[in-house]
Structure formats: C-alpha cells, structure tokens
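Order as written gives the chain letters A, B, C, D, E, F, G and H; numbering starts at 1 within each chain.
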Amino acid sequence: MEKAGIEKILKAVSEGTLGVPQALESLKHLPFEELGCATLDHHRALRQGFPEVIFGQGKSMAQLQTIIGALLQKGGNVLATRISAARGNKLLALFPKAVYYKDARALTVEQHPVTPRGRGKILVVCAGTSDIPVAAEAVLTARLMGNEVDELYDVGVAGLHRLLSRRGVLTQASVIIVVAGMEGALPSVVGGLVDQPVIAVPTSVGYGAAFGGVAALLGMLNSCAAGVTVVNIDNGFGAAYAASLINRDKG
Amino acid sequence: MEKAGIEKILKAVSEGTLGVPQALESLKHLPFEELGCATLDHHRALRQGFPEVIFGQGKSMAQLQTIIGALLQKGGNVLATRISAARGNKLLALFPKAVYYKDARALTVEQHPVTPRGRGKILVVCAGTSDIPVAAEAVLTARLMGNEVDELYDVGVAGLHRLLSRRGVLTQASVIIVVAGMEGALPSVVGGLVDQPVIAVPTSVGYGAAFGGVAALLGMLNSCAAGVTVVNIDNGFGAAYAASLINRDKG
Amino acid sequence: MEKAGIEKILKAVSEGTLGVPQALESLKHLPFEELGCATLDHHRALRQGFPEVIFGQGKSMAQLQTIIGALLQKGGNVLATRISAARGNKLLALFPKAVYYKDARALTVEQHPVTPRGRGKILVVCAGTSDIPVAAEAVLTARLMGNEVDELYDVGVAGLHRLLSRRGVLTQASVIIVVAGMEGALPSVVGGLVDQPVIAVPTSVGYGAAFGGVAALLGMLNSCAAGVTVVNIDNGFGAAYAASLINRDKG
Amino acid sequence: MEKAGIEKILKAVSEGTLGVPQALESLKHLPFEELGCATLDHHRALRQGFPEVIFGQGKSMAQLQTIIGALLQKGGNVLATRISAARGNKLLALFPKAVYYKDARALTVEQHPVTPRGRGKILVVCAGTSDIPVAAEAVLTARLMGNEVDELYDVGVAGLHRLLSRRGVLTQASVIIVVAGMEGALPSVVGGLVDQPVIAVPTSVGYGAAFGGVAALLGMLNSCAAGVTVVNIDNGFGAAYAASLINRDKG
Amino acid sequence: MEKAGIEKILKAVSEGTLGVPQALESLKHLPFEELGCATLDHHRALRQGFPEVIFGQGKSMAQLQTIIGALLQKGGNVLATRISAARGNKLLALFPKAVYYKDARALTVEQHPVTPRGRGKILVVCAGTSDIPVAAEAVLTARLMGNEVDELYDVGVAGLHRLLSRRGVLTQASVIIVVAGMEGALPSVVGGLVDQPVIAVPTSVGYGAAFGGVAALLGMLNSCAAGVTVVNIDNGFGAAYAASLINRDKG
Amino acid sequence: MEKAGIEKILKAVSEGTLGVPQALESLKHLPFEELGCATLDHHRALRQGFPEVIFGQGKSMAQLQTIIGALLQKGGNVLATRISAARGNKLLALFPKAVYYKDARALTVEQHPVTPRGRGKILVVCAGTSDIPVAAEAVLTARLMGNEVDELYDVGVAGLHRLLSRRGVLTQASVIIVVAGMEGALPSVVGGLVDQPVIAVPTSVGYGAAFGGVAALLGMLNSCAAGVTVVNIDNGFGAAYAASLINRDKG
Amino acid sequence: MEKAGIEKILKAVSEGTLGVPQALESLKHLPFEELGCATLDHHRALRQGFPEVIFGQGKSMAQLQTIIGALLQKGGNVLATRISAARGNKLLALFPKAVYYKDARALTVEQHPVTPRGRGKILVVCAGTSDIPVAAEAVLTARLMGNEVDELYDVGVAGLHRLLSRRGVLTQASVIIVVAGMEGALPSVVGGLVDQPVIAVPTSVGYGAAFGGVAALLGMLNSCAAGVTVVNIDNGFGAAYAASLINRDKG
Amino acid sequence: MEKAGIEKILKAVSEGTLGVPQALESLKHLPFEELGCATLDHHRALRQGFPEVIFGQGKSMAQLQTIIGALLQKGGNVLATRISAARGNKLLALFPKAVYYKDARALTVEQHPVTPRGRGKILVVCAGTSDIPVAAEAVLTARLMGNEVDELYDVGVAGLHRLLSRRGVLTQASVIIVVAGMEGALPSVVGGLVDQPVIAVPTSVGYGAAFGGVAALLGMLNSCAAGVTVVNIDNGFGAAYAASLINRDKG
C-alpha cells in the first residue's frame, strides 16, 4: 500500500508532473511508519523462525480457537502456553494435529518439523518435583525454538550430592536454565560450578513467606554467583526464549 | 541531511537517471527513522512553547552548569527543579538572569516573558504547610508554562471549614491540582465539590506508617471521588505539566 | 423544604412581624447545610449531564435491582460497571431497555439519547488483548458521558511499529487514555509522542511479579514522559470520567 | 479446688498440726497462678457483663455448635460473628432462641435482655453501602454490650454535604465509630468536626491499589485529625468493643 | 462579616426595598460556608481548652519561631513536639517562658496553669528504655491537656513479672496508653489484664525485620485482646490526644 | 560403582599395567562427586532414623500414591503432610496400614514402632483453637521422629493466667514449640518464662492486617525474648524437625 | 517481703488471732505477683549463668555508662553489643577492665573467667567477608555464654568447594550458626549436609533488591532443608543465645 | 598437596607395599573435596581469563588495600567496583598502575593488556544521564573481560526517535545491556526491536514511587518483550559479566 503511494509520487516525478520540492514535501509528511513497517513488520519471533506463541492464561476458549486458527493459516508452528488439561482436550478436538503436554500445561501444533540449529544444548535444571510444570514449559519452548534440550530434575540444594554427581551434564550445555521455588538458591550453586550463562526462573512453589515466588525471585536477583540473570516468576517460556536467543548460531 | 539524501534520489528520478523501481527500492531501505526524525525531532515540551526543564536531583554542579548553559543558547526559558538553596546560590552567580525560588526549590531563567495563554486558571490547593514546597513547584511550573495560577493553601481535611469557605475559588479554576501528604484525603473532598479535572499530588510529608508518601498515594488512587488522577509522590512539576496540557487552548 | 423555612422568615420580616435581629438569629442558627444542600444537592455527575453510575462489584442482585430501578425513576441514563455476564443476563430480563456489554462487563439503560458535546475525541489506547475489558469499560463510559471515542487496540510496546503506524489517530484526540498491564510502559511511549493529556490505566493483567497490577501502576507513576497522570488498577471507568471532565466544552 | 487446698493448709496451721515454716514453704511452692486464678479467672468480657463472643471464621459447624452450646450453659448472652447466611440458618435450627443478622453476618442468643448502661450513645458512621456489613457488626456488638447505638450511613467524603447535614447526630454521640473502605478519608473529616473519641475501622472494600483494605488502614493511621485511633481491617467487632469500654459509666 | 451581609438583606426586606423572592435567591446563593463558619470556626482543640500544638518535624527554625509567637498571642498554652535538643535550646533563648523536655523531645509554653479535669488518670505503660521518648511525649501531652498521668516504664513482655507486680497501677487508670516497639506484644498482655480502653502506640524501636515500627504496628492491629485501638508509629502525641478525649468529664 | 572404577585403576597399578603418573591423572579427573556420593548418599533424614516425609500440597493423587508406595518399599515409616480429609480417605483405601490424622491434616504409615529416644520431651504450645492444625502437625511429626510430646493448647496472651497456671509443664520440656497466629506474641511471653530453646511457628490465622501470617512472623522475628528462633508460616513440620534435632541424645 | 506477709498471716492463724476464712480471703487477695516474683525474679539470662547483655544501639553514652556500671556491681560478666568503635574507646576509658571487639562491634567486661560447659562446640559459618561483623557478634556471645566456638568463614554458596572441603568441621559441631546476606542460600546447603540444628542469621549485606536483608531472611524462612530455624536480620547475638540454650548440658 | 597424598598411595600399591583393598579404603575416605579442589580450585572468573573482581561497597580502606595487593600478586588484572572518588584517589596513591574511572565509580589495575576475544560486540544502552554510573560500570566490566563495547546513551522511551534513529547500532551487537531507572520501560522497547539477547539493569534512579529501583525492576521482570532477562538493581557489573559469558567464543 504505502509502497504504492511512494511509487505514485516517484512516477509523477519521473513523468515531470510533480516537481522535486513538492515530492520532497510529500515524502517528508508521509508518515514515517509507512516505510518503517517494511522493516519492522516481521516481529522478533518471526525473524528467528521461532513458532508463534499464545499466552493462554486469561483468554476464553473462543479467543484461543480464533487465534490458533489464524496463526496456523500463516503456515508456521504454534505454541500455546498456560493451557489447562480441560481446555487442552477441547483444543485437541478442534485441531487434530495439535499435541497437548500435560506437564508443561501447553499445546503445540507443529506444521513443519523443528530441527535443532543452535550452537549447543540448552540444559534445564529443576530443584523440586513441584517446579516441574515450569521446567517442562521451558523444555518444550526451547525444543520448539530449534534447540537440543537436556533435563536435570530434582537436584535441590538440600541434597547437593545429586547435583554434584551430574556435573558432567552441566558443563556440556551452552546455556543453563535453573528453575527453583522456595528459597531459590539453586542458581547460585549452579552458577558457582559452571562457566555458562545461567538464566534463573523463580517459581511460585512454596507457602507462607514464599509469597508466591517472591522469596525465590529475591534470592535469585541477589545471587552471589555473578552471571546469573532472572526472569519473572513461573516464566519458563521467557527463560527458554532468552536461552534460544543466546544459543543461536549467528555465524 | 536525510532531506538531502531523498532530494538527490528525487532529482535523479526527475532527471531520468534513476528508474522508479530503483528509487522505490532505495527509499524502501532508507532507514525509516531518518524521515521519522523530521516529525519526531521536536519533543513534547518544545512543541508547546513550554520551557526546557532540568530535573536537578542527582546531577552534579558541573552537569547543571553545562546543561543550563546549553539550553539557554537555544533561546528559550529554562526551569530547573529540585535545586537546593546552596546550589541555587551558586547557579545565581553563574547565570545573572536566573531567579531562585526558595519555596519551590527551583531556579528559572526567563529569556522572554511568559504570557498566559490557557483556557482558564490552574488552581493549586495545598493541605498543610509542610506540603508547600511541592505546591510551590507546581505553581511555578504552571506559571512558566503559560498559565494563570491561583493558590489555596493550608486547607486540610481536618479543618474542613477553611476549604468550604473558599469554594468560590475552587469553581473558578479550569483544572485543580491538590497537594497533600499524610492520609491524602483532600483530593477526595475537593473532587466531591467541583466539576473540574482534579490532579492529586501525594507528598512524602508524614512519618511512621506514612511510608514516605505511600499512604497518601494509595489514598488518592482509591479516591471515592471519580475524576481524580494521580502523579508520583512529590511530583509537583508533573502535575503542573499535565494541568498545562489540559488547560491549553487548542481552538 | 428548607427553602420554605427561610421564605417564612423572610415573609415575616417583610410583614414586620419579625424584627431583623430576631430573623438574623434564626438564620444564623439555621443549619448551614440546609442552604448548602441547595448548591450541593446535585452531585458531580448530575451537574454534568453524566449518567448515574453503579459500581456493581460486591453488590447483591437484589441491591442492583433496587438501585437501578430507583435511578431509572429519576429519568436519566444509567451505567452499571463490573457486572458479570450471568448477572447481566438476569438484569436484562428485569430491565427490558437495558443493554449488556460483554467486553466491558457493563450494563446500560439509555432513557434518552447521548449526543457528543465535548471539545474533541477521547482516544482509548490498549496494549494487549487481555487489557480489553478495562479499555472497553473506558470506551463505554466515555461514550455515555457524551464524548466521541476512538479506539486503538493491541499496540503494545514490544511491537512498537503498530503504534507508530497509527500516529495520526493519536494526534487527532483531545485526551488519550492508555490501558496497559504487565510493565505498563505504553503510556510513557505514547506520552513521548503526543501533546495531549494522557491518562494511564494500569491493569491487573500479568502474573508473578506483576503483583496484580502493581508493576504497571508503579511504571506509570514513574513515567519519564511528563504529563501522564494515573488512576487505580483496572479503573477504566475513572479514567473515562476524568477524560470527560477534561474534554468538556466549558466555553 | 485450689481454694480447698489452701484452706486445708490454713486449717492445719490453725489446729497446730502444721508449723508456720512448713506452711510457708508449702504456700511458697504453691503455684502462684492458683491464687492468681482467683483474680484472673474472670476474663475481660465477663467482668463487664459483656456477652460471650465467638469469632466464627475458620471454625467448623461442629465446633460452632459445641462452643455456642457450652457458652449458653453459662447463662449469659452469646454473639457469634463472621457467620455466613448458610451457616446461620443451620445454627437457627439448632438453637431456637438464636437470631441471625444477615447484614452483620452474625448470630446472637440473648438469654436475658440487654439494657443500655453507658454514659451516652455510640454512633456508627459508614461511608458506602459496601461497608455496611462491617458497620452492622459494630452496631450489633455495641448494642449487645449494653449501649444505645445510632447509625449514620452512606455519608462518604465525596458527597460531603450528606455528612455535614447530619452534624447534629455527630455531636450527640459519646463515641463515634467510623467505617470506611477505599481511601479511608472519612475518619479525618469526622474527626475534624467533633470533640468525641473517634475509632476508625478500615474495610476491605475497594479494588486494585486498595490492597484489601491496606490503603484505608494507612489513611486512617495517618489521619491529620488528632484523636483518631484505628482497629484492624473489617474489625467492626473490635471497634464496638473498644467503644463500649470508653462508653461505660464507671462512676 | 457574613452576619453583616445577611443583616443587610434582612433590613432591605424589612424596609420593603427587597422582595422576598429576591431575598430568598440571594440567601440561596450566599455561600453556605459563611454561615457554616459560625459553627465551624473553633477547631477541635480550641473547643476543649487544649493547648495549641505544633508538629515540629520538617519545619524551619524561622517557621517555628513565627508560629509559636503567633499562638502565644492568642493567650493559650503551646506544645511543640518533635523538637531536637539543639532547636529546643534556640527556642528557649527566644521564648523565656518556654520549657524544654529532653526525654519527650518537646517544648511547652504554659501561659496559664493546667489543672486536671478528667474523669480519672491516664496511665502510660512503656515496654523498653528505647521507647521512652515516645512515652514521654504521650505523658507530657496528656498532662498539658488537663489529665493526671501515671507512668509504668520498662515492663516488657519478656519480663512479665515486672508488669504483673504492678497490676494495681493498671486497674486504677481511666485509660491506658501502651508504648512498645519490636514485636509490639505488650498491648495484648495489658489488654488481657484490664477493663479500661487501651491505646497502643507502636514505636520505631528495633532493627532488621522490625521495619521501622511496622512489625509492632501489625502486632497491635492484630491484637488478640479485644478493645485495643492503635495510632501511628511513634505517635505518642496522638495517643495522648485520643486518651484525653476519652478521659474528659462531659457530665 | 565408582568404587569399582577406582578398584580397577588400583589393580592395574598393582599389576604394573598402569604407571603411577597415569593412575594419578585418571584419579585426578575422576569426577569428585563419585567419591562424594559415598559420604553424601544418605540424606539428613535417613541418617537419623527419621521417617520419610512427603509434602502433600500441590501433588496429585497419582503422585502421592506412587511416592508413598515407593517409600514404603524402603521399609521405613512414612509421614505425608498437608493431606486434605478427602485425599486422606482415598489414601486409606490404598494403603491399609495408613492412619489419617484429621487435626494435623496428615497421614502416616508406621511399618515399625517408634520408640522415644530423645533427651527429654518436646512441648507444643498453641495460642488459639484455629492454630491447632499447625500445632497438631508439629505434635505428630515430633512423635514420629522419636520424641515424647506434651501439648499445651489455647493459652493465648490475652488470657495470660491460663499460661501461667501451667508453668510446670513449660519447665519440664527439653524444647518448646510455640504456635501462634494474629500478633504472634506468645513466643515472647513463653521465652521470658523458661530456659529452654523456643521455636516459634507463625500461623496464617487472622484477617485483615494479619496478612496471612506476616504479622505473626514479624512479631516472632522481633521477639524481645532472646533465644527464640522462627520457622516459616504454618510450618509445624519444620519446627518439629528442628526440635527433634535439638532433642536427640547424641551421647 | 511477700514471704514476710504470708508468714504474718500464717502466724496469726497459728496463734488463733485470725480465722481460717479471713486468712483465706487475705491470701486470695494477696497480689499473686508477690508470690510470682519469688519464682520469676531471676530472669532467663541470670538463671543460666549467662552474662548481662546490653543492646547498645539507640542508647546514649550516659545511659551506657550508667547501665554497665550498675550491671558490674551485680558481680557478673557484661556484654554490650552494637557499640561503635568511637563509643567503644570512650567506654574503655571509663571501665579499665573492659575489652572492645572491633569486628563484633561489642564490648565485654569479664569479672570472672568463662569456662565452657556446653555439650559440644558451636560452629559459626559465615558466607562473605561483609557478613563478618554479625558472625563475630555471634562468636563472642557464644563464647561469653560458656561455649567452645569454631569459625568457618568465607564459604559462600558460589564457591561451594570451600565449604565442602571443610565438612569435617561441620560434623563436629553441636549446633551450627550460619550467617549470610544477599540471597541467604548458605543455610540450605549446610542444612543439607549435616545432622545438627542449624540457626540461620540473615544479614543486611547486599544492595538493591536485597532490601536490607529481606531477601536473605525470606530465603532462610523458605529453606528447603528441614531443621533450619531463623532469627532477625543481623541478629548474631540472638542466634548465639539460642545456640547456647541448645548446647547446654542439662543432664 | 593432596596430589602428593594420592601419589604416595599409588606408589605403595605399585611397589606392592599396600594392598588394593587397603588402598581403596584410603581413597574412599580421602575427603572427596581434595580431589574436588583440583577441578574446583579455579573459580568461575579465573577459568575465563576474567579479571579478579572486588565489590568495594562496605569494605574498609585497609581491607581494600590488602585484597587488591593480594590479587595483584596472582598476576592478573583487577577490577574494584563501587569505589568512591575519595577512596579511588587514596588507592591511586597506593597502586601506581591503577586507573580510576569516575563515571563508573571503579578502579582497575591492568597488569597485562586485555584483547577482545568475544563473538561480537556488547552494546550498553542507557536511558537517562543519571543512569550513566551504572552503564559505565557495565561498559568498563565488559571491556576488561575481553569484549568490544559500544555505548548508546540518553535514549529514553519518552524520546523514542533518538532510539529509533540509532537502530543500526542495535542490530550490530551480539548482546545488549539496557540500563534504565524510573519506569524501566526501555528494555521492552529495545527487546521489541532486536533479535539479540537483552539483559536489563534497573537503576535506583527516580524518586517517590520509584522505591529505589523497585518500579524499574518490576517493569523489567514483566517486560512484554520475550527474551529480556534481568539483574539486580544498579548491578551493572553483573549484567556485563553475564553478557561476557554469552559473548564468549567457545568454538
């Protein structure tokens, strides 16, 4: 559209029916965003070959159906997070190609296979069994974004030997996502053991003074291990997204 | 500059040395911001004939001197807020035309006279004597932005009759700024009495459970009088800025 | 009534049956509020031709029915906010002229047509699809209060081009309401682009460290764009009310 | 019982079968609380002729039945607060003399009539209709504790004239309880108008930055009207209890 | 003044130069506050024979001097709270009749003797030695407002016997003010022992998770002893003011 | 396993097929955790003969069944906390030897009898009837961990005599757990009366400014009685666990 | 004294000059606290042979001098905590036998030697060098209370090997105090490695979202290692006091 | 050392003077950390060729001198952050090779030149001039850790065009650090424009409801732009450290 607008101006200039000063003036007042769209129109995810993502929480079934349908028409893969089992089942009936992941509380539709193309593996470390839904969301997201993913579960700080006995897995990763609730100490311990970037995900697991994940969040922000960065509480998706950006092979 | 670049392309088109498709391609890849700047380059304050404003807090004397000097060269008026008396005196020595307002903890340099051009008056209402610095900052800002300003001070909620006895002043304003600390109840009372937009400014006045203005801020956000909007704690400048935008005569 | 009382005194004075000092004494002890009521009796909304408003949250169906019925008898329009769909349907059965707005979670009864009478348009800008209920409440309120209203939805900060491509709509508004959850950054961006008063509405959209809208609220209170004022979390009604006061043509 | 024990010792001393040093030793090791109980055994409420009070929230139906039954056997009046309508109905079936107060969410069993015996009236002032349950709890408690009670409802700060027009009622009270949610400004206004002790009750009414009554609580703690004291959020019972202590005629 | 205005209207009516309808109209538009002032003009403190009070914190020496001077001219007693020793000494030099109370951080000028006129004594109970400044402010305020005052210091909860051994003093008071920092448990204990109204004053004494008095404030608001009301952190003045209102002999 | 690895190296050295430097190198690179496991493999609880513990909250029925089944196969006793009555009944059907404790909301399977082996008794003191679930969890945990346990219930601070009359029980304990909600003052009072270690457990009992146990937690952390340590809100299990460690007879 | 009172009554009974009923009545009204004092008069610290302790923060030099002087007259040892170096030097001049500990910011006067009499050693573990003042306060307190004390400093979570290489020291302690700021993860790690009671002390070390020790406090309260109890921020004294109670040999 | 110990055992095995079972037993009980240290002894920074880092805040001049001296002896580069200008000057006198960076409030001693060895450039974007100290700390840290660093300063959200006009710089970076105070919206905007990992650093710049950086922190944690991770308030060092780990060329 705006391309057509500029083309018209240029043609008029070319044909001599529009003077250069007038054309300049027209272009100057042409809303810059019209050009801008040309470069901006592909948003971040699309530029990466990443799937389209829907944050399911707070959306109605009707909205989910509409959005998933529309995204599928674009031809890419789709990832819907924060989908309860009940809703997942309804969506499976609507979209035959969809797969529902109970642990990750997520639904995917893979219209084309995902092949790993990162520089290395992403490792997802998880403190307790109650943190698994958040970890599983991270694992699924990372895989769908074209990464090889390793898992290291149930390696909490109070049972340090379980973590130490798996140090090999730690050092083989390109990026490490550490998911923990309660006091959120695991990223500090992992960060002290490895050289890789560590992304910490506080979870809302805990009770009382855990304050729905605030204790873990504060613990991670104050980590004594340099190089730990943090995402929002329960944001397994965001951690995996950031890890994917880090793991991309740009060369 | 970028104007020159587009001009060159247009001339080449006009002269037939550049085809329309090639020109289109060039323009398409022209960074949109180059055009964007043409419309964006004048930021908000400048578009309004408002003075240049410097937030003095946290700036060194050297920084203040440099910035004020640079702004004065543009030829407009200058307002520097959050300037202590000690710093104000030093700046007075450096800028002979400057005026320091002790109450408002602010310094101005008026290179050209300010004439009121709003639709009506801005009224600044102030609960207690300790709130006066914030109110005075609002009054000075509003005046410098081209508004007639009225003041109604020391009309706290616990002495309601002082406020009620001045209702005439309330109804004559175009916009009302209400400055209050402690429990921040005054905007609710004023809002219940008038038809004008009310901008509430919580102050950090108080102690203990006032939490540096949080009690007043929450009180104002929860005002039972519809039509009250709120700015940050102690932000007399911001309230006056918003009031000036409301009071402008756009016709 | 109290008018009758004063009239009686005045008549007695006029007829000479009551001396001036005695009349003075009577009037002096006449509860001031009796006179006061004459000017105060019409509360803010009524003075503006605004509809009667009911905040539905926390009221029983019986209370809603009673209040709506009573307000309708006054002859004006009625707006009930925070009405769930289930309750909306029950009220539609009770009040045949009522209309229920699902998006806005609100019900109206328009007994007389609303004609726009403001100085300009009110624009409601909305960051994400989950923020729409709050935005829709603002739109409906603004329209019912006699304003022309424009909408600009789904223009979040992370997809800046969508916002920039609609700059024309921004500059045509008289007042702009910006509704956003999560980090609440949109009002800063909008405030940096326009000259109009901006009213920011934080929403409770988000999770984890969004703390039910606190993150967005703090973001908006600390906006680096001067001239942004803020209302309570999810308070679309309050923002529209304030915008209506600003948009009134008092001339 | 322990009285019997001491009596036995004293008798033995009296009869010469126990020496004074031995008796002294016995008494010295007699747990002091045994004597203490004599003065302490009647707890606060009982000393005042106040009813027995049960805080219903968090108790099971079985617990409620047992406790009410036991208290009734003592012969006094009983007040159970925080009783939902559903539970109230069940209790009415169990205790034929019981009365359930829907507004106050409370149940009483009056085994003997309550006659006012305070120095004056207790006035309960209430800001909004949503605050009424808390106000009604205060009214019922105060009445059951032997006070004459007046009510002044729906006199919020944003409609100040409604409050001002009832000033007479304010000045006739001995103690004033002010119940308000949202910004909690009403106690400041009332406190500025009267000479009586004012007890402020914040309610959890509001949304968003009301934070379940925190905004009102902070507002009341920071009241600019000296002489206002505060109780916990929604604690209508506690306010009435304190008011009753103040209103007692000790002469 | 406004009396003169009404008189003029009445005279005109009386003399037949003003018709009743016109007079009615005039009176109707007469700002109600003019009449209102007649009853409202004496604020709370003045009505009680209480001293004039200045909150010294945040006021400049110049402001203090001006205000104290002005208040003294009214002829009453003056109490200035939150006055540091350094400022106190300067004020002593300015006002020869002034007395500075180091413990209470307060200055008084008693122009006429204060005679106790309450129904009973006010007792000020204090948990720790660090709480004494707040307690002393309460004692001084209560005395200056015409009450007999008793003190019971250093009776913290961890040394319960010190409190229990003074139960006699507790029961002789008309109102009890309990001042405590840290966990703020003392009002609960006192409230459980006595029949009198208890006003709790949290202090900012403590460290770490005391959060400047928040722990004590929350403890007091949640007191399991019914009948305890609370004032702001460190607000010894406010507690004494409320206690004075309770202790007044209105009979 | 790793023992086998080292053995192989040593044998090769012994047999002369591996040189000392090569063996040294192998051992140096042998992951230290392999050795570490030998000493670390028995986690804390197991070392003590304590039961296996499952935190039931947030686990599915399927997870509970699997975990309990697996732990029973190890032959020890099992304690599952935070089990609702409904779930408890289902588990009773699955595990015939299980016992469900309604008060403690916990389920146990005792495969071998527990015999007390501590240095003394653990006393659990409880402020109010609503705190009993947390106290009961502590009692059950302590008993299952091999301690004699005493209970002292319903001895709140506002009825001090009930506590004082039971001082004998207090002094006979080896460790005292104090469970309290609301203002959480009881540990201070108990701590002032005894010489034993006191572990304070705040409960989420209360409303309004109790903030789900935060008021009690802060009260306990700021206890004026030295020697009081604190666990998380509602963490009866954790308090009993710590008390068991203290009460162990290590001699 | 009160012993004399009871003796007098008993004598009168013995001599027949006082009837049993009258004696009973007298004893009943004898303030129970008189007897109570007999058992209560020696507060907790004294009963243990512990030193007298003064919390120096917020006390004036004059107060410190008076209190220390008075305590020394009782003949025991004295420990004053939170004493700055400047004040420490002044007190050294006043009390020749005093010793000032710069690291611990504490002053002691040991009038008689302290001999260890606990069941085992107390170990103080410290995460970072900035936490040392709090750790040193704990070490000094524990030693002065008659314990052997070990130290393990600078063993933060991010350098886990330093901690693991000292496991022997950990297992030899009777009680372990763990001092840590920032994210406060160290107690979880230590608690997972040992069988001893662990007392966690959060410190105010850190910045930003450490919130003066709140992050560490929350981390410790939510520790995934059972058996960890917590004291107030920076409360090295309290931790050592509790550890001393645990370490006492009561046999 | 421990290498020698193992060597001795191996030699004995080799020479036949120690049996394999005995050797195995010795090695089994060999503290695992001795081996562990061999791999763990070089902590994270050292493994990367990163400089030794000292967090200067809260350390005494003597401590700083000692630590810097010791680190220099190891032969590497040294970076000391949070060093005031006054302290910086003193250290310059002590360490002639040191350089003090006023903007970054940091001191370095480069004993060997730093050569960039990352995959790309690190870009540091900074919202306002008051955020520069934090940004400068990040820039200096990143450079010293062997990265090429670009700067983009004063590109706040309210002046969006300044940012948009520099999009080229954004897209050329390998990792982007975004430093912002107040509402912290800049990372969302940057994250929406680029494909690179974005590390957000909230600063304590702002006032009132900025709460020392909490508003910016929450804004960043709730960023609507996926892929943004966050570090602690004012933690420029931590952001640069994490960026360095991401930018390393591991190939």
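FYI, a residue touches a chain if its C-beta (ideal position, glycine included) is under 8 Å from a C-beta of that chain, and two chains touch if they have at least 3 such contacts.
Given the structure is predicted, the values throughout are model-derived calculations rather than measurements.
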Least step count from chain A to chain F, where 1 means the two chains touch: 1
Labels of chains that are neighbours to chain C and to chain H: A, B
Comparison of B-E and F-H by number of C-beta pairs in contact, larger one: F-H
Label of the chain whose CA centroid is most distant from the centroid of chain D: H
Same or different contact residues where chain D meets its copy chain B, judged by the half mark: same
Most widely separated chain from chain A, with each centre as the mean of CA atoms: E
Centre-to-centre distance between chain G and chain C (centres being mean Cα positions), rounded to whole Å: 59
Geometric centre distance via CA averages, chain G-chain B, whole Å: 55
Centroid spacing, where centroids are CA-atom means, of chain A and chain G in whole angstrom: 50
Shared interface positions of chain D, touching two or more other chains: 32-33, 36, 40, 43-44, 158-160, 164, 167, 191-193, 208-210, 214, 217, 221-222, 225-226, 232-233
Those chain pairs that satisfy the touch definition: A-B, A-C, A-F, A-G, A-H, B-C, B-D, B-E, B-H, C-D, C-E, C-H, D-E, D-F, D-G, E-F, E-G, F-G, F-H, G-H
Chain H partner contacts - residues on chain F that touch it in the complex: 3, 6-7, 10-11, 13-14, 16, 19-20, 23-24, 27-30, 32-33, 35-36, 38-39
Chain E residues touching chain F - in the complex, by the definition given at the top: 127-128, 156-160, 182-185, 188-189, 191-193, 206, 208-211, 214-216, 218-226
Chain B residues touching chain E - in the complex, by the definition given at the top: 129-130, 158-161, 164-168, 205, 207-210
Chain G - residues contacting chain E, complex: 31-34, 36-37, 40-41, 43-44, 57-59, 63, 202, 204, 212-214, 217, 232-235
Chain B residues within the chain C interface of the complex: 36, 40, 43-45, 47-48, 53, 119-120, 174, 191-197, 199, 217, 221-222, 225-233, 237-239, 241-242, 244-246, 248, 250-251
